[in-house]
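Just dropping this structure here.
By written order: A, B and C. Residues from 1 in each chain.
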């Protein structure tokens, strides 16, 4: 019976992937850009989930890694023509280093809970102001990536191209991230992370190297997030420290995962869908009211409702409803 | 494993002159005892005697102020919990700490993953075997938080056993159990000790269990050892009778 | 840049710092008694600032006389918020509580944005252009007024906790909620009052701050973070610590504004926060947990 359920989930998942892969044939650029938003939100949410949901470390300054990845890829491209896929490694290295610093300081000095969250905010804000004054990356005036000339073919290597190209890139990244997270959860480290998340002391007593495992979560999460940052840089073609390192962005990338279900595999994806649908729905309904404000209020209310009614997130509830429970993910 | 070793194997645990001060308060003072290989030793004494502190010093949850802890010939004094576990100690917590978000089976797997290169399937199999031993096999797929207290206590033991310890430390594992449950746990532990030669050190208030389980008893009072011997010797020792022995939780 | 210049910068920083201290007091009281980290306090302060703004522009009431009104209004808001929403979240995991207040903050900030628009607003009193001379020092009149009022409110608060029955009862709850319940104190009500007091402090600070800076909706996140820096610096839960932290931050802001580039001063503050979190998380006057 369990094998059948597993099959059912796998079938649904593959079906979904197939539909998404074929979407550009039917959807126009507008629809595609909405899907890109959903996928990017899901991707970033999954990256955050590794640190918070799997290892239980509350990071409220994840925009730091988005920004570092974005600027690394972007600045190297602008100044040296470095292809983004190479620049991505630089971004991941820098982000991982930042994560290592935060993690080491936090874990060694036993900064926990709320204090840890504040530490992460402080680092993100510090970096934001730093980049605001750093000429090489354009400081507060921003960094601009040269767009490809009109009607040139898609260049995957340099990430200059059509919306469709970007769509497939982010689809690949998100699918890859999902598969990666699933693999992590099924291996020893996944079990160790969950043990640490549930009860750090008990995990310690079972011989688990808590510091090392927490650090691995931070490093993976930071690196994954930075790749998402790089995508953002090349998709938007412009970067401002104010926006890419902001607390606003840190909060935004967490929301989907919280709504969907922290610690679950599908939570971030479901959350991304819900949030984007909500946002787009509001855009359609009330384009003439101060749109940004309304969307944020809606997100705030959504968050509050979830925390009050379903703090575990929507996915566990939906999963039960659809009777899709396999091994509890 | 030694086959024709010229030297006898060292005792499983030697505690020498162990002491712990908390800001001027001497909680444990000059405590010394030995736990022979394959024996079950009980640490008893009235409330506040320093049993839990001693226990935590041995388990690595607290660093000692002075003294030595030697596990199977290896000095483990002052090592942290994780290192001591890796050296071969498994411990339970008095206030049980199940991993609430995981199933019973997964709870045990966490400890089992220390071995076999972290192979998840082998850990699952090992976990099943341990759960069967602890009579929790049928609850394997249930969320740990749905377990009743007696089951949780057995899960606690299962988790510690998963790390394949040489020495099992049990912290008041009988507390809160009805006599029937208590006897069940005693039977499991005795069986384990007999079949596998697992050395056990336990803190206990429930005298029924102490008498049934232990080969040897160490009595603490005011942070110091006041007596030791077989259960029979200790329960008739004048010094022990003098201080509060510990209620028989019937 | 001579000695007089620096003395003026320092005194301005000290005075502003007192107002910051009052704001941080609110945060500290709430944490000290209920262990709740009010992530929405910057937003409440912004609401207070707008309220003071409206009272002046529509009714001509200056911020200092308006203070009791605004603080009173915010007291009610805080009381209701605690009683009906936050109360249910007192025992839950830390991060859920944090996120809840975050959601409150999100809603407030954007309601304010929608009602008032994104542009900065400020008020100009006659006093805004006047100053006092104290020897070589030239002190802005508004800054002096703000600082003294802040000090006065803080003193009132201290007296409240020290000498009134309710204040003592609240302190009892902070030390031992279970014991407090046992002796018959209505802990829920006392918590609600405490939250109200906290938000009232923030409201008072907001009123005074309007004398010194312009208000716009996104000020809230700046002041939420500033509040945390102050409170962690001074010690979460310590009233004296909040004031001390406020003064120190006011000073460092003023000094770093002239010694380093003005826009870098927040970087300095964050650096300070990181150091404190690592080296002395209980703050200067806080107790080790």
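By our rule, a contact is a pair of C-beta atoms (placed from the backbone, for glycine too) under 8 Å apart; a residue touches a chain by one contact, two chains touch by 3 or more.
Keep in mind that what you see is a predicted model, and the values were worked out from it rather than measured.
Student: What's the farthest chain from subunit B if centres are computed as the mean of the Cα atoms?
Tutor: Centroid comparison gives C as the farthest chain from subunit B.
Student: By raw count of C-beta pairs in contact, what's the busiest chain pair here?
Tutor: The largest set of C-beta contacts joins the chains A-C.
Student: I'd like the Å distance between the centres of subunit A and subunit C, where a centre is the mean of that chain's Cα atoms.
Tutor: Using C-alpha averages as centres, the distance is 33 Å.
Student: Any idea how many Å lie between the Cα centroids of subunit B and subunit C?
Tutor: Computed value for the inter-centroid distance: 51 Å.
Student: Could you put a whole-Å number on the gap between the CA centroids of subunit A and subunit B?
Tutor: Their C-alpha centroids are separated by 44 Å.
Student: What are the residues of subunit B that contact at least two other chains?
Tutor: Within subunit B, no residue touches at least two other chains.
Student: Quick check: in the complex, which residue numbers of subunit B touch subunit A?
Tutor: Within the complex, subunit B contacts subunit A at residues 59, 61, 80-82, 85-86, 91, 93, 97-103, 106, 109-111, 113-114, 118, 120, 123, 159-160, 162-163.
Student: Residue numbers of subunit A touching subunit B in their complex, please.
Tutor: Residues 186-188, 191-192, 194-195, 197-199, 201-210, 263, 328 of subunit A touch subunit B in their complex.
Student: Can you list the subunit C residues touching subunit A in their complex?
Tutor: 37, 85, 88-89, 92, 94-96, 98-100, 102-107, 109-111, 113-114, 117, 221, 225, 228, 232, 261, 263-264, 266-267, 270-271, 273-274, 277-279, 281
Student: Could you list, by residue number, the parts of subunit A that touch subunit C in their complex?
Tutor: It is residues 52, 58, 105, 109, 111, 113-115, 117-119, 121-123, 125-126, 129-130, 132-133, 247-248, 251, 258, 289-290, 292-294, 296-297, 299-301, 303-304, 307-308, 311 of subunit A that touch subunit C.
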